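Report on the following structure.
Note that the chains are named A, B, C, D, E and F in the order they appear, and that numbering of residues resets to 1 at the start of each chain.
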Amino acid sequence: MTHSTPDSEKTSFTLVITGAPYSSQAPQTALSFAKATVAAGHTIDRVFLYGDGVHLASALVTAPSDETHWPKQWAAFLEEHEVPGVACIASALRRGLVDSHEQKRYQLGANNLLAPFAIAGLGEWVEGSIKSTRTIYFHAGA
Amino acid sequence: MNQLHTLHILNKTPDHPRFSECLGTLGPDDAVALTENGVLGLVASKALGLVQTYALESDLSARGLSDDNLEAATIDYSELVNLTLQAERVISW
Amino acid sequence: MGMLIIIDQPPYGTWAGREALDMAFALAAFDQPTSLLFTGAGVNWLRKAQDTADIEQKSLEKNLAAAPIFGIEAILADRTACQRYNLNSEAMIDGVQLTNASADLLGQYSQTAFAG
Amino acid sequence: MTHSTPDSEKTSFTLVITGAPYSSQAPQTALSFAKATVAAGHTIDRVFLYGDGVHLASALVTAPSDETHWPKQWAAFLEEHEVPGVACIASALRRGLVDSHEQKRYQLGANNLLAPFAIAGLGEWVEGSIKSTRTIYFHAGA
Amino acid sequence: MNQLHTLHILNKTPDHPRFSECLGTLGPDDAVALTENGVLGLVASKALGLVQTYALESDLSARGLSDDNLEAATIDYSELVNLTLQAERVISW
Amino acid sequence: MGMLIIIDQPPYGTWAGREALDMAFALAAFDQPTSLLFTGAGVNWLRKAQDTADIEQKSLEKNLAAAPIFGIEAILADRTACQRYNLNSEAMIDGVQLTNASADLLGQYSQTAFAG
């Protein structure tokens, strides 16, 4: 859990989003930050969705036609830059966000996880906070 | 190399309890980056200005504050990324 | 009488104020007498020249400007909150009445609600 | 929009929930209130979910085995007492909550609305606030 | 019949801006019903006690406050329902 | 060094503190040195005799009691916040160290995080 200095060979980030889209500004602030990160030549190791942030990975969001569709914007960014996007499994299950695996496991009527997001445990966050140069949190404001 | 001890990213309004919690933990070599509703601290909080303060230009503009004579250096996201790397640690409030 | 919708959160950082505005517009659409009260940090909705291009959200200043057209009776703002946020009349959009968020004010409405 | 006094013939409530389960206590406080309301012989005209409150109507929530499943608890209450439960359509679409009708309309891969909840506009809330003796709001705390 | 003018249902901690907003609008014939985190106002807020104050027993118990000597009448949900009908209007903060 | 997880919201009203505790337990499970700091209204987590039967939630007092077993190094509480919430040592669960949430304290940790 030691930090590299900025002049180290490879500077990398883990981004953690805990605020939901269309409720907080967190996902959009995080996306602007993420774009600036890759534009500066840094690596994003992983984007981790926690708490209400898991709603960003919903495949069923329909944004009004004159509003930005934040889940799709994020999904496109993750695909373009091959960044893993992970929703915390405990947060996701409680909030009704499931992939096909969890759908079967809990015998639910549907799944609603937007690709390329995946569902995984807090270990992914722990790993990010150990290995990345910086872990930056994007919480809901107020 | 690391003159900046801790960068505090603050996105809460000055009325939110976490705003004052943040101000209560500022050290002399720290800096504050105001984002989202946190930029409203520049028109309402008297406790800012004790440490180096930055504010996101896009959030100032959205809130009609970009032309004001504010006690903060305006930054864009690229500068915010740099600040997170210059600091020894980053805390998002 | 009528209904008072209170907005005490600033624009853009959360969706609560936006959804409060939708409630007010819906009431007005059903011909219910409706007013809006901005208080606390919510008075920052009333600042002129909001430029939201870089945060990719709709300008709520424009949304709010439509309030009289939709039939909202009054746009009220708490005087103390405006002072706290250094919002003087020059910086404020048109058509706002300054008032005091008090028992007397709330007593003039049959119902009062926040969006969240 | 005038209020009846408590001794009027029929006393009725509209309940509005704006806080999400597993994020706020609002749905559980509202359910306790609703149970006390019917126990006292009053009528609940309608339960309206607004903002983050629409997540209460998710059919895909999986609660940990030692935690209460608030969507199911609420659904059972609505069915037992024949109370309409309505999620605001604008709030629901933005937050990824859709029924089969909206699924078709927006060509989405699934639907996730828990019966007996329905999706409708703010007009339902306006009607409630006019006709019910009292409209009580349950917001997220902090 | 309606001695109770406005019932204020308050579920925010005393540090939340809406807690003080609520206190600022209390009239002499109003009452406050503390629910959820609002019951913490009984151990931290000095401004309560000016009007009739109620607190939900279940929320006090959950927060370890049921045995304390607090300046509020403890109520259950059935009494809260009655209060909403006795009041001329109800505001949920 | 190590990681400091801060809880500044009371239990039960929101899930933020609960999810912060899960973060701390996860770090400890991966053998990362981890401490918890309760500050602001969050110190109300530390009050004894929480009886949650009537609100149908798990007792977080019991969850927190497991912290040392899971390997959390220290449970810290801000002294000023405890005073504000009238939380004296008799009313407090065992094993809590009083401290001041200050630049000096935060400076002892390589990372500091809230759950939301």
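Note that a residue touches a chain if its C-beta (ideal position, glycine included) is under 8 Å from a C-beta of that chain, and two chains touch if they have at least 3 such contacts.
All values reported here derive from a predicted model rather than from experimental measurement.
> Between D-F and E-F, which chain pair shares more contacting C-beta pairs?
Between E-F and D-F, contacts are more numerous in E-F.
> Of all chains present, which has the mean Cα position farthest from that of subunit B?
Farthest by centroid: D.
> Could you tell me the distance, in whole angstrom, between the mean C-alpha positions of subunit D and subunit E?
The computed centroid separation for subunit D versus subunit E comes out at 24 Å.
> Could you give the separation in Å between the centres of subunit C and subunit E, each centre being the mean of its C-alpha atoms?
Taking the mean C-alpha position of each chain, the two centres sit 26 Å apart.
> Residues of subunit A touching 2+ other chains?
In subunit A, residues 3, 22-23, 25, 51-52, 67, 90, 135, 137, 139-142 touch at least two other chains, as defined above.
> Considering subunit F alone, which of its residues make contact with at least two other chains?
If we look for residues of subunit F contacting two or more partner chains, we find 9, 12-15, 40-41, 55, 57, 110-111, 113-114.
> Among the residues of subunit B, which are close enough to touch at least two other chains?
Residues 11, 13, 15-17, 36-37, 58, 89, 92-93 of subunit B touch two or more partner chains.
> Just spell out which pairs of chains touch, all of them.
Listed in label order, the chain pairs in contact are A-B, A-C, A-D, A-F, B-C, B-E, B-F, C-D, C-E, D-E, D-F, E-F.
> Any idea which subunit E residues touch subunit C in the complex?
My answer: residues 5-6, 17-18, 21, 24-28, 30, 89, 91-93.
> Any idea which subunit F residues touch subunit B in the complex?
Contacts found on subunit F: 8, 39-41, 101-107, 109-114.
> Can you check the complex and tell me which residues of subunit A touch subunit C?
Spelled out, the residues of subunit A in touch with subunit C are 22-25, 28, 66-68, 140-142.
> Per the contact definition, I'd like the list of subunit B residues that touch subunit E in the complex.
Within the complex, subunit B touches subunit E at residues 13, 15-17.
> Using the touch definition up top, name the residues of subunit A that touch subunit F in the complex.
Residue positions touching the partner: 1-3, 16, 18-19, 50-53, 90-91, 121-123, 125-127, 129-130, 135, 137, 139-140.
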